[in-house]
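First chain written, first letter: the chains are A, B and C, and each begins at residue 1.
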Amino acid sequence: MSPHRSALHREFRATSAWRPPGKDVTLDQAQVKIRFEGRTLTCRSGITVAVALWENGIRALSRSPKYGHPRGVACARGHCTGCLMRVDGRPNVRTCELKVREGMDIRRQDTGAFYGPLLQKTVDAGHRFFPVGFYYKWFTRPPFVSRTFLRGIRPLTGVGRIPTVDDSATPMAEDLGRVETVVIGAGPSGLEAAAASSGQVLLIDENEASGGQRGPALDMVAAAGDLDGFPLLAAAHQRLVLARQKLDSRPDIRFAGGTRVIAGYQPDGLLLREGEQLLTVACGKLIWAAGALDTLGLFPGNDTPGLLGPRALYRLVLRDGLRLEGLQVLIVGRGLDFWLSAALCAAGGARPTLVLTSSREHDEVAAAVQRNWPLHTGLVVGRVRRAGPARLDVALRPRSVDGATSASHLDMETDLLVVCNSGKPAYDIPHQLGRALALDPDRGGFLPTGSGSGSLCEVLPGGLTLDFRGEAAGDHPGEARNLQPEAPTP
Amino acid sequence: MIPLHSEPVPSAADAVIVGAGINGLATAYELARQGLKNIVVLEKNYLGSGSTGRCGGGIRQQWTTEENIQLAAESVAIYERMSAELGYQVFFRQGGYLMITEQEEDLPALRAAVDLQRRCGVPTDFLTPRECLDIVPGLDVGDLKGATFCPKDGTAYPFAVVWGYARACHRLGVKIFIKTTLTGIEAAAGRIQAVDTDRGRISTPVLVNCAGPWARSLAAKVGVELPNRQERHEIMVSEPLKPFLDPMVISITNGIYFSQSMRGEIVGGIGDPAEPRWEDPEDFATHSGLRFAVRFARELTRLYPRTRSVRMMRQWAGMYDVTPDHRPILGGVPEVGGYYHICGFSGHGFMLGPMVARRMAGFITTGREDPIITSLSLARFAGGDLQADAFVVG
Amino acid sequence: MSGPKIILCRCEDVTLEEFRAAYREGFTELESLKRYTGVGTGFCQGKGCLSEAAAELAALRQIPPSELRPTTIRPPSEPMTFGQLASLEIPEPAAPEES
């Protein structure tokens, strides 16, 4: 992050090089063979390992460390542990982001971080006797028992074995120098913020194309002519189209697609990853418009494979080419993502069943009825469990509104369950850069504190702006410094 | 176990201890065991939130002065029985410490240290680079010149130690107040009289300063000037993997250290000579730096190439409370009766804390002279005849 | 009885019930709850569970949620290999701040 390099010397695409997503994955029909637990499987090329296994009927990609519950793809974004597998001798590979290659060797991992796989069933069944922290209290006396206990559990710790391959061919990292304005997130907010920024702008998004997490799904539904009757979808698509137009008038803005921000280092540095290569960049101003994370909610079985949030669904279908034809999809929730998931499933040839948790959205309800989508109201997810390798048993329970309920319990089997809650903000990188956060349950997570002052700090939907330039640091001494009041003891 | 955040502090105590890290809690525990009643521990943040909870958890006996070896051996003896004594599993695992060097000129010192340690009853051996491979398969021994290995050294989980002491304290009637700030100290007639906190005043004849990197500013409140300076040190953990590394590996050449925890993570750090020293607690910066991550990764992958494809999960920083001779400051001061300090561990507080607490508790309750406390008193800096250890690493 | 559980933290397999039990045991603030239960210390670094755990803690302590701060969210947000890290230039040390 050398400050003397002021220009962007790397040739990123101009944003006008944006292309419609999804085409190459769906058109690529070549087949490859992969090895899974010693078996040979055939799959389409160009898809991810997780989708390849899914299409071969395998959804349980890993086991949870304590209870040994089967887990599968959940975030489709490389965050969670559901899809971690051993691939070609490397442990803990995120198979939701790794494309298949001919001859790839894929294995489930040895989990059992604390107890080992054989004991997991016992622990699951007798969970009352194994509450978190019991390992601090059992087998402590006398000393030889304690020592024996440690020796006994040591081999059961850890997830995955050390790599047997040597990745010495890691590409060398590259320093992009200093950029006046970096915008993270090429969804509508990020596009608008980039277009409104003067001077040198670098726009970064983890997806190859602009549009944010919903963009490809909105594009696909629009292309299928299915926006009619859904004001929520039409408005979102219209905003995206306008934002792209604004950006088209700024061919000077560089777009780093397929690039993820993986860390923020104070005062003003970002660590990026493009494929396997790391990049560093320093910024005068950072506009954080990275969008939200899926939230699935807290109910029994909320870790069951086949249960997804809407953003994961969009990625699996449009980035990774997951086929929806003929699938039964139960969609629970409300709002833009609820209707977008329904429209996407319908456009992809699936049979959506809707459980709406809102008493508004009348226009969309009318459009759903017109399309003959089964629709229930007054229910929420009560419990989920597996009903076979690729089936879910979902118990819906009445939703209480002001103490009253208007529906009765409903049990349903489905291939896929999509829970569309409002999502939660993701401000981990701004926090690493010194921004204080506080819990805001109305917005579903931790939000930057303070109402924001002028152009320095604009909280969503325009994105969060962190300004590292000298004058800003003077006005807001906390902005560019470490803000965490860590443990100043007496 | 801990009074709720809303409870007021008692109006009087027989001893107030400031800081709920390993030193504060172990001292409270030992004082209570020796019969002192009405002990209060004040902690501004949460249990282990200062340096204890940020440390690597290593405990070694490989030192180059007889006194340090003796202190560390006493600590290891306490750690060996700690889980049983506290009734709490602290995950003390004796995987040994492998101290390596890449410089020929270090070898005489290493051999001399082995001789001294063996005379003190510590079973250390001198190893050739080839023999290191038996201890740590996969280590790149190409540039190594030699190493020493003591199988009785080990690691423990710092938070478990803190919680174990806190539970044991609770059983003995010690009151621990977290999220409680000390706002003032009253001394009169050459003695501690009371402390003020944001939850009320506590009159007390005894105040023990276990505030780690904040000890210097606390001591200043009673007019005691400590020579301590604070240094930011960084540390990281990798993804958790099945066990493949038994000992702590530590290089006296470049200050890198790493071991594998009981969760399977590689835990390690590396000292940075360019890190500034701090004098004012208001200036402490415990943010993470990319410089540390890169320096650590370069050294780790050079020494231990099989970690090249292992992922770093998380890095953090904490403060060392460093004295001019890198040895702790213990005991009291003649000017202020009832004031004691247990600080200045220079990065080795977790290793030495349990043993120091036991000796200090005896000193506080009986007032009997303890040769180790005397030799580690603040007064030693006035004499100028300091005895430093050659193996200060990390 | 085995069967579906309410999982608060997927990476470390911590149930909502276990989180509440840890609170009753005396771990009454988020930093200690994180270390004791493991919530937020797994591969996702708390992306999936930290705000949910904080909301639950606010309910347990009956305090306004806005009083809760996150535990320090440390870099990196996504694990990277030591080989990748080693391919970076070593940044210059930060200049000491003027005080």
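Quick note on the criterion: contacts are C-beta pairs under 8 Å (C-beta built on N, C-alpha and C of every residue); 3 or more make two chains touch, one makes a residue touch a chain.
Computed from a predicted model, the values in this text were never measured in an experiment.
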Which chain has its Cα centroid closest to the overall Cα centroid? C
Max Cα-centre separation from subunit C goes to chain B
Interchain centroid distance [CA atoms averaged], subunit B/subunit C, Å: 24
Distance in whole angstrom between the CA centres of subunit A and subunit C is 17
For subunit A and subunit B, let me know how many angstrom lie between their CA-based centres, rounded off. 40
Touching at least 2 other chains, the residues of subunit A are 1, 92, 113, 167-168, 170, 263, 265, 269, 271, 280, 432, 484, 486
Would you pick out the residues of subunit C that each touch at least 2 other chains? 25, 36, 43, 45, 72, 74-76, 80-81, 83, 85-86, 88-89, 91
Could you check subunit B for residues that touch two or more other chains and list them? 45-46, 49, 163, 239, 282, 285, 288-290, 307-311
Could you please specify the touching residues of subunit A with respect to subunit C in the complex? 1, 64-67, 69, 71, 74-75, 78-82, 84, 92, 113, 121, 124-125, 127, 131-133, 167-168, 170-173, 175, 260-265, 269, 271, 273, 276-278, 280, 293, 295, 298-304, 383-385, 424, 426, 428-429, 431-432, 436-441, 444-446, 484, 486
Any idea which subunit C residues touch subunit A in the complex? 1-8, 10-19, 21-22, 25, 36-38, 42-48, 50-52, 54-55, 58, 65-70, 72-78, 80-81, 83-89, 91
Residue ranges of subunit A in contact with subunit B within the complex: 1, 90-92, 110, 113, 135-143, 145-146, 149-150, 153-155, 157-163, 165-168, 170, 263, 265-266, 269, 271, 280, 432, 434, 482, 484, 486-490
List the residues on subunit B that touch subunit A in their complex, please. 18-19, 42-46, 49-50, 80-81, 83-84, 86-89, 91-93, 160, 163-164, 181-182, 211-212, 214, 218, 239-244, 262-265, 281-282, 284-290, 305-311
Across the complex, what residues on subunit C touch subunit B? 25-26, 28-29, 31-32, 35-36, 41, 43, 45, 61, 72, 74-76, 79-83, 85-86, 88-94, 96-97, 99
